[in-house]
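Written below as structure tokens is the structure these notes are about.
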Amino acid sequence: MTGQERSEEKSECVSLSPMREAVPAPPECERVCVCGTGDLGRSLGLRLLQAGYGVVFGSRRPHSSSSLIPHGAQVLGHAAAAQSAHLIFIAVQREHYDFLVPLANQLKGKVLVDLSNNLRKNQYPEANAEYLQSLVPGAEVVKGFNTLSAWSLQNGPSDANRQVYICGESVEAKQAVMAVATKLGFSALDRGFLSVARELEDFPLQLFPQWRLPLYIATGLSAAFFFYLLIRDIIYAYVTQGKDISFRIIVSLANKVCPIVSLIMLSLCYLPGVLASFLQLYRGTKYRRFPDWLDRWMLCRKQLGLLALGFAFLHVLYTLIIPIRYYGRFKATEHTVSVIRENRTTEFDTTTAWRGDSYLSLGILGFSLYVLLGITSLPSVSNVLSWREFSFIQSKLGHLTLLLCTAHTYLYGWNKFLSSSTYKWYTPLGYMLCLVLPSVVLLLKLLLITPCVDRTITRIRQGWERRADQRNPKNSQPLIP
Amino acid sequence: MTGQERSEEKSECVSLSPMREAVPAPPECERVCVCGTGDLGRSLGLRLLQAGYGVVFGSRRPHSSSSLIPHGAQVLGHAAAAQSAHLIFIAVQREHYDFLVPLANQLKGKVLVDLSNNLRKNQYPEANAEYLQSLVPGAEVVKGFNTLSAWSLQNGPSDANRQVYICGESVEAKQAVMAVATKLGFSALDRGFLSVARELEDFPLQLFPQWRLPLYIATGLSAAFFFYLLIRDIIYAYVTQGKDISFRIIVSLANKVCPIVSLIMLSLCYLPGVLASFLQLYRGTKYRRFPDWLDRWMLCRKQLGLLALGFAFLHVLYTLIIPIRYYGRFKATEHTVSVIRENRTTEFDTTTAWRGDSYLSLGILGFSLYVLLGITSLPSVSNVLSWREFSFIQSKLGHLTLLLCTAHTYLYGWNKFLSSSTYKWYTPLGYMLCLVLPSVVLLLKLLLITPCVDRTITRIRQGWERRADQRNPKNSQPLIP
Amino acid sequence: MTGQERSEEKSECVSLSPMREAVPAPPECERVCVCGTGDLGRSLGLRLLQAGYGVVFGSRRPHSSSSLIPHGAQVLGHAAAAQSAHLIFIAVQREHYDFLVPLANQLKGKVLVDLSNNLRKNQYPEANAEYLQSLVPGAEVVKGFNTLSAWSLQNGPSDANRQVYICGESVEAKQAVMAVATKLGFSALDRGFLSVARELEDFPLQLFPQWRLPLYIATGLSAAFFFYLLIRDIIYAYVTQGKDISFRIIVSLANKVCPIVSLIMLSLCYLPGVLASFLQLYRGTKYRRFPDWLDRWMLCRKQLGLLALGFAFLHVLYTLIIPIRYYGRFKATEHTVSVIRENRTTEFDTTTAWRGDSYLSLGILGFSLYVLLGITSLPSVSNVLSWREFSFIQSKLGHLTLLLCTAHTYLYGWNKFLSSSTYKWYTPLGYMLCLVLPSVVLLLKLLLITPCVDRTITRIRQGWERRADQRNPKNSQPLIP
């Protein structure tokens, strides 16, 4: 994928103005070469100029491209350009590396930085950088900067894309590249030898790796409950009373699936933490790694929580439009009409009012806390929180949210548990199923915060070890296992 | 505008505590001078002290101001202070530069950094820095740091305001200032000679330049549709039936204008991308600049999208309060009453239910995606996305959002297209007009993602050139035009 | 609290992968020692390796812990490790410092960096760093890095936690530590002598210090108005008519308290700014500190505003569910039924419609602006705003929001002011009380923006001084008091 396309994708933000700025390079400055005058090459060159480097562009057609390049740099043929500098950035796509073969000799001992990316993973047998090395065996190839877009090069590094990764065989070459990176305002991270180049080239191609598992779970749950409720509500009604209430699929059913999935996801988000604590309790130490599945689970808690919030958001919208729906309005009218026609008296039932209102209130409070949790998980917000504040919000408020939402669901159910009519085809209601997990999580958490258990956990987290203690009493050293 | 006011404006965030911290300066440190002991001067001085510089303040009344300055610095008269250092920051407003004239001789060869800003653009014939240079011809004037507020100087640089711009005639002077900037934790960017000082001085005065065009469009569209609907609905009713339904202006009309403008703005946000692709298809290359109007349009896509989101948000709120409105409640009652009085039977119409519910569902889903797009365009969020993730969200999800919202609007219209009664005074309904643009965008996008077209586009974006190909076949080199 | 727990808390975000990366340390690199192989120690070590340092871990059981430490480092016994480097990080909890006593001699003259934190404030008589110094009098103890979590060390510094604070007696030692900090990508800030160590150790333990006051105010107001309305509405009804409408506590009452508190908090957020301006007007200068209470108030304006937004959010949700409530539906039916039974004719009242709709519209617009203000106060958003943009939003739009919300409340009240029936037990309605403060703020603001006053304020903010002027006319120098 070329720099052009990148900057196009992001050009909501890219300011092209620096492109036209005259940046007088100091006379005695160090010279670097950039092969390739595409967007990525040009942006890199501009950035280098601004950092005070002398920049020579290598191009196949120096004359035609001289108009494109930033003011202050010069363009030569590839051979001449490569000649002129020790450090050479290759801003050309892999398909066109062959132009380097004839230059192999004069590139001997020089540092070639491979910036290239691919369109998809495993597009080629070996990594581009390794291929480059094979073409120019004499040169010191360093893979790096490929995670940067023309956009971030032009606008300068911002918080998240300040980190650049490099790898290569020669330590000296890597340090030379790292020095440039630092001068450009990036913090370079040495990831090892050229063999990890493939990994680096896959970075920009990854699509929400951390979100995959949570998304699968969400999809699975939604599908499962959708069909469960489809059978229980729509099909059941059709089979037993021959009524066609298929229209309810769109809103009513969706409004049952969303809250159910949301609540389950939320409890899935707090379950691993509870499990981890119990594991530590059982092992009596914190100095043993958690099993991998638990580690992986812990790492996607944030994503689980945010997806849960998404479903909660849908639930809220679906609920709020109820009175606008034709169905809702129809029901209301029908009810009133029946009251009149059958000449019934309308009696206000305080219990129902109490129940309904507190059920709604709990939902509102739960959702508000939910939103608060979502906001604090924004990078810029969680960054300004001390870890104690962060843990307070994510743990204390998080479990409170779970508690409120669970109570909200219980109140919704009220005493339906008892009436047999709810168990159509001997199946429980959807929200009954979704109550199991949160209730378990809350119970376990309740156990954990009982003084005695809590004390033990705290001691373990401070490094106290049960078994160790038995061996020798002085041994409770937290950070020195 | 003075530092005082700046820190006031932002003092939600400013912590004044460092002001009182004792910061022992190392003995052998470099000395710089700060003329002016206002907020900006004091904050800069404090920051310099913290970075390990020795700081001498220049003041008109050294004694009275000695109480104000940060611990660790010293205050002298201007002359003495200027004497004591090679690098001198001028934290004084332009109106008071005259105090430098008598010092002209002893300032010869020294570096003067002009930090000043103005209250409004073009307040003075020439830039402050140029004026300063004219007052002290012998000194090396460098413009810089003026984009920083006393606030950001005190709290240290954060992601966005880490970048500082400088300009000046002397490369040495600029490099000296850049060195200081780097040591203070800022990354300085050389913007050229003193002639661009005016531009730098205008930076802090700009008020949402990127938002201006989108805001004009939004205002224009809103006004146009407001009057269109005013005539079609309210005035028409008054003229033909003499009914005064002016009260509908406030909510009903607003709730028609908002969704219309929102949908149009959203399609305006995706139109330029589509046009750009077709332009590339037509030209058969990506190596020619887009016309300026297209470039400018592309650059404000984000703003267009966010404004569209704002209108959608209003639309949602206006819709959700319908059942609370007196008008809504009145209509409901009237309907029921008429049913009773005319002894009609209420018949449930499944089609209407289907249509209404799916119309609402589409709206809800569309809006949720809308919000998601908005969240991912927050700087801190878009920073942590790889460009592939960003493009996936902004392009794929973006067009999906447009599709959902358009379908939502079509369903709302349903078959009103056919009945002639809808064409009051031969004018179409508002939402019919607003459907034109999105439909076009979606159709064009559909064309673009058809395999054959898509393949060509992808090749072009990889650098393949049609005409070039005709000249010579080997010529398809993406980044080497 | 140990690094282990920290990284657990935040492990939503922590990527453990680097832990397994091989990072070949350059041969000739500087060596540092890290005592303690807990999470914090290991993460610090890894970061040091990545920055090109040679790292030697000190451990009680070198063999057992050699498996844990990052590839590229070596583990020795504490004595040997301490021997091998001049700079030694103590990543051990205070309880276990005693292991250093025997090493006191060989630590003479070396730099010991104390990273430790406590579980709660004032856990020990003196600061950990001071305790460490007392154990190893010969060494140069520097407190620092303790605000970092294992998490932020692994993921590299991000915007907010880039700042690290250090303190200590020896300037040389501090500069050595600062150099390391800079190389790790942090910006170190010298806070003075070892005596401030306690303060640094309290940083990570603080829990929303800026939020405390606003939260107290919010809680106080909520409680006060809750009981006021409880008596006025529920108890009054019970006493006078014996009706039990206690169910209204949950939603109706909450929906009265929320908007009231929200409006008051919002005006409390803009009151200090107005007061400050009047104070400057009265004093005729900006060069005198504001009284402390005003300073403190100014500093928590952001928190006041965000809490107000929270209450407004609850108010919106509580309002939107009204038609879903059993009570709401009951009322609607009852109304219609009565219309039929008493054979009344339903007459549409345009005035009521006008009033109701504009009341709702104002609320919607006010809330939308409210949300906009909230979004712009996100760190990542406010960072990209120039101070002029920031002040425009927070001041202009802020006061507009206040105006809209106040008008919204006035319209809600309409002419209830006049009817005596509203003054149950001679007490005014809740929303009347809550209107006092915003009205005052708006009036004062109105005064401030009258041309003549505005001109004076602007001149004062540019540094003009009234009294000074009387002394000598040339004296209006803003930044040189």
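Here the chain labels run A, B and C in written order, and each chain numbers its own residues starting at 1.
Assume a contact is a pair of C-beta atoms (placed from the backbone, for glycine too) under 8 Å apart; a residue touches a chain by one contact, two chains touch by 3 or more.
These figures come from a predicted structure and were not determined experimentally.
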Q) In degrees and to the nearest 5, what turn takes the CA positions of chain A onto those of chain C? A) 120
**Q.** Self-contact between copies chain B and chain C, residue sets same or different by half
**A.** different
**Q.** For chain B paired with chain C, centre-to-centre distance based on mean C-alpha positions, whole Å
**A.** 24
Q. At which residue positions does chain A touch at least two other chains?
A. 159-160, 320, 323, 332, 336, 340, 378-381, 383
Q.
List the residues on chain B that touch chain A in their complex, please.
A. 159-160, 163, 171, 175, 187, 189-193, 273, 276, 286, 295, 298-299, 301-302, 316, 319-320, 322-323, 332, 335-336, 339-340, 346, 348-350, 352-354, 356-358, 360-361, 364-365, 367-368, 371-372, 377-384, 386-392, 394-395, 458, 461-463, 477-481
Q. Which bits of chain C are touching chain A when the two form their complex?
A. 1-6, 8-16, 18, 21-24, 26-27, 35-41, 50, 52, 59-61, 64-65, 68, 91-93, 95-96, 99, 119, 147, 149, 151, 156, 158-161, 185, 203-208, 244, 246-248, 250-251, 254, 310, 313-314, 317-318, 320-321, 323-327, 329-330, 332-334, 336-337, 340-341, 378-381, 383
